[in-house]
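Once you've had a glance at the structure underneath, I'll fire off some questions.
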């Protein structure tokens, strides 16, 4: 029962991530295959890197649902495009829920095979945010999350809350829920008040100060 | 005897992929090392990702031929450039043969360690097409295969034919040959009739509809 | 005692690589998180790919120092930016020392688990140079090392010297020191005399001769 609930949430997150990738690929005039690939990489890229780094079986190769949901998303974007274009708030909600759950999954997978909390926190961030980085590399843009919002920072804050509840002796469910709530809340506050991290700017005369040259 | 034949085909495919990467790197004015790296990544990138995802030893680390053939290709491009430039049809043929064989290798490696056919199909596509994606990322272009032809789609069709022959009770050789023939035929038809997948376009006012912002 | 010395050298190299990434990210106006990520990927990206290809535990997940040093570098760049901007020569020295040590580490890790010398040489190059490639992909530039200097070539030369000393019966320390000295010397000579590899150019009419189209 609890597992089915988590599975549905995970598929909602997968779909939200996939739609994000498919829509950006459409903006670049990719073909259907390209849009599907970008959507898939957005949805499963973070978890794939996590599983490769943890040296455990890659999750989407054990279960065909991830590829199937992405295919449904492609069909949905093709058929209902004008509908989806006007549903940014709904997609933002799904995306935030997905991010929160992906972050919790990344943390729990890492802890369950014996890694310390700081590695788990990194894996939570990678699971949540790296798919979007890969998406932006594929469409040949400088990654958005490095410039525009608190996407990964929300994961980091969620991981810290997870840790605090862990140290305070909370149950696994309490850890996961508090982490997810933190991520979703921070995403909402970020949007509401248009927050962002400080930019690490440089004067124009110092634009490419590569020490390696 | 059969193994030697397959090995020669594989080296022809490796060379065709490497030359493709080296020529594009030359167009970007990379130095020799850069051109070699791009050629190598084009040739072995797909198989490397496959082996990492399958968690098996990476193929080119077991056998020095792949690096050697790529080095020969670099020398050939430097020495015989004007010759190679006018041999696009020959390179297209080699490239299609390589793609077909790489696809078959990816499918068979995955099936041999117990993965189901749908994972094998994905691995066939990755083995054939991902090297070109990495090549385009290294030369900082949006990946060509997402926009211009049926490269990966040919692998997908080949994998489906492989599956059908498998279900129909064909031998391993029949599975591989029918898959390879499908890929090569589709590549030829694509070129002949200038086919492409539909583009997933959007009106200009919706160019960056990122739900994550 | 010797281990502490090597550890300090490794942290100096990590810091030099991280600062290189953070400064380039600053030039692209990334936020703090983005700059930290680019710095971290520059510092640990090469070793991470090496460990994934060798299928051994990823080094930075066993020891928190790498993430910590990168965080200190970010703070240093924010606080002392004008100081660091005028210290290009010092950073170049640190960067060369780091490159040399990273190259030696990559070679020795590969040899210690039974790979032949040619694989170890590739792993030395990857450990030293691949972080910079990932950095340039993240900031959406065509990788610098493919166009401007002898960065990876210095690693290759170092690996060859390592091999010669190995064949000549030198001790492990002699192998490592001669390899590191070669890398540092070549980097210095490259800078001093402004050397570079030949460019693999093509006439303008042949700019995108992709055999795959």
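Miscellaneous remarks
In this document, chain identifiers A, B and C correspond to the written order of the chains, with residue numbering beginning at 1 in each.
Here is the rule we use: a residue touches a chain if its C-beta (ideal position, glycine included) is under 8 Å from a C-beta of that chain, and two chains touch if they have at least 3 such contacts.
Quick caveat, the model's predicted, so the values are computed rather than measured.
Viewed as a network of touching protein chains, the structure reduces to a complete graph with every chain in contact with every other.
Shared numbers divided by all numbers used gives the overlap of an interface; between subunit A and subunit B this overlap falls below half, so the copies present different residues. Centroids built from CA atoms put subunit B at 29 Å from subunit A. Counting partner chains per residue, subunit C shows two or more touched chains at residues 52, 55, 137, 140, 145. Of all the residues in subunit A, the ones that touch subunit B in their complex are 16, 19-20, 22-35, 37-38, 48, 52, 55, 57-58, 61, 64, 67, 77-78, 81, 85, 88, 91-92, 95, 132, 137-140, 144-145, 148-149, 151.
Contacts from subunit B toward subunit A in the complex involve residues 52-53, 55, 115, 118-119, 122, 133, 137, 140-143, 145-147, 150, 152-153, 196-202, 206-213.
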